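Report on the structure given below.
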Amino acid sequence: MAAHASASPPLQDHMRRMLRAHPAPVALVRDEGGLVECVEACFDCAQTCSACADACLAEEMVAELRACIRLNLDCADVCDAAGRILARQTAADPPFVRDLLRACLAACQACGAECERHAAHHEHCRVCAEACLRCEAACQQLLDALPVASRARGDYVP
Amino acid sequence: MAAHASASPPLQDHMRRMLRAHPAPVALVRDEGGLVECVEACFDCAQTCSACADACLAEEMVAELRACIRLNLDCADVCDAAGRILARQTAADPPFVRDLLRACLAACQACGAECERHAAHHEHCRVCAEACLRCEAACQQLLDALPVASRARGDYVP
Amino acid sequence: MAAHASASPPLQDHMRRMLRAHPAPVALVRDEGGLVECVEACFDCAQTCSACADACLAEEMVAELRACIRLNLDCADVCDAAGRILARQTAADPPFVRDLLRACLAACQACGAECERHAAHHEHCRVCAEACLRCEAACQQLLDALPVASRARGDYVP
Amino acid sequence: MAAHASASPPLQDHMRRMLRAHPAPVALVRDEGGLVECVEACFDCAQTCSACADACLAEEMVAELRACIRLNLDCADVCDAAGRILARQTAADPPFVRDLLRACLAACQACGAECERHAAHHEHCRVCAEACLRCEAACQQLLDALPVASRARGDYVP
């Protein structure tokens, strides 16, 4: 361990630094900040939703939280895939990014709305609705920033 | 291990049997077979793409396979999320299924087309193109079978 | 789609064919068959467990199936990671494979035992116990087949 | 969207707040801080490793970074599974947590050491080695904090 240890404390902001350190420029959008925010919001939402599913499962009224748990798990799966894919910059801008962002936005919307219904009774749902809302907004902003070219299908030459 | 071992040999066809054993009926589509095929095609494609990324990485001409590896990893991520989500039948038919299927179909199309370009030289790309093609067709069939109601957004009541 | 379509019907057995088509030889174990079986068992178990979590969630007695759902989700996560990692053959035999196999085996054991308890009442738990048992056995066989060298940590030179 | 929007800006620190909001107490360890740090370090490492694989893939010397990419992908898979599982508190302390933590620690060690070798030439490897080191330390601390009871297998009653 000593061999690869650095003396400095663990630094944060890893994703922003990774996207900047990539040998290829950010090709997906001009606004690097919007991409970083969306990637981070996707991963944050994926984790929060996964934890919310587990917290709902432990609630006494679990039977009434079935739809919430299901949407939590779905949202976690879509957000995790979106985060990984958006963070890739090699051979960038694949033709399915727009549909994936739409699916991610809609998953956050559905999960966030359901969590919001339970927010008054369950703090974990309140926090999760927050994460969904942030991710939904980030997906919308990135969708708006995507170049028109990538809106059409079939124009991708890797 | 003996405690929970059954004497019979491990049976296959687990996904079909799981979807049938679900306490809620298949609500997403009327044709159970189309759903099973799509779930299985998604998981099969996810695994094959993940393995193809690794096989491409070991090729001497890896530098020319960058786009292929990237699309392999993307396709694996989208297909895995789609497989998990489509297999869920609790509080079924969430409003993002259509966009997710579209993203999955487009990812299989892009990855399959790229793999097909290398199919003559790399058997793993040939096998992967096959898996992508199967998954693309299964997504298209499921999209066609989805009820019109789920085409509009915002009409989902969990 | 026609551009990259092959006339033949979708073939199966993709994972076995992928592992054989890899440019690097199978370095992890001498018995290729044991590796293929373990990779397939891991992915099959991951999918079945994910579906069992959802089926349990829809049961009337969901409150009594909390531990089962939690173990289902855990087992799905470990098996999915194990399947992906074991299928990689580039720079093979990383030093964490043994611990990962042990964790996967133990997750299958715990999840299978819990599912077995509900097998009489829930067909999905019976099928899931089957998938867990198969994966547990495949992990044990692969663990037994691993060369002694990889048992020690710190001897890995990528 | 307005329906479930809160006026406040998106708050951070979601994982810590989720773990605190869980209806079941943290059963895995007495030190909540150590658990939160480990979950966050796992997810951070998974994301950073996934991004490092992509950045390595775009490097001119990609052929020399094969082992790094493979270990990046492996480490991402193990860390992601570990993060999800550790964040669950329902029916807590499953018997495979110790092996999983060991596998995660070893994956971070191997990936971090390989990235460290390229840190002088590739900033993304330097950042990734940092994330691996942090996660390795967090896993070690959590392993040390685990109660003795969970060290033995087979003593788990869900």
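As written, the chains take the letters A, B, C and D, and residue 1 is the first residue of each chain.
Following the convention adopted for this analysis, a contact is a pair of C-beta atoms (placed from the backbone, for glycine too) under 8 Å apart; a residue touches a chain by one contact, two chains touch by 3 or more.
If you're wondering where the values come from, they're calculated on a predicted model, not measured in any experiment.
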item	value
Subunit A onto subunit B, rotation angle from CA fit, given as a multiple of 5 degrees	180
Rounded Å distance between subunit C and subunit D, as computed from the means of their C-alpha atoms	20
Where subunit B and subunit D are represented by their mean Cα positions, the distance between them in whole Å	26
Residues within subunit C bordering two or more other chains	54, 57-58, 60, 66, 69-70, 73, 80, 84, 88, 90, 109
Graph class of chain-chain contacts, one of line, ring, star, complete, other	complete
Subunit D-facing residues of subunit C, complex	66-71, 73-74, 77-78, 80-81, 84-85, 88, 90-91, 94-96, 99-100, 102-104, 106-107, 109-110, 114, 153, 156, 158
Residue ranges of subunit B in contact with subunit C within the complex	1, 3-6, 10-12, 14-15, 17-24, 39, 41, 43-44, 47-48, 50-52, 54-55, 57-60, 80, 83-84, 87-90, 109, 112-113, 115-116, 122-124, 126-131, 133-134, 136-137
Partner subunit B, residues of subunit D touching it in the complex	53-54, 57-58, 60, 62-63, 66, 69-70, 73
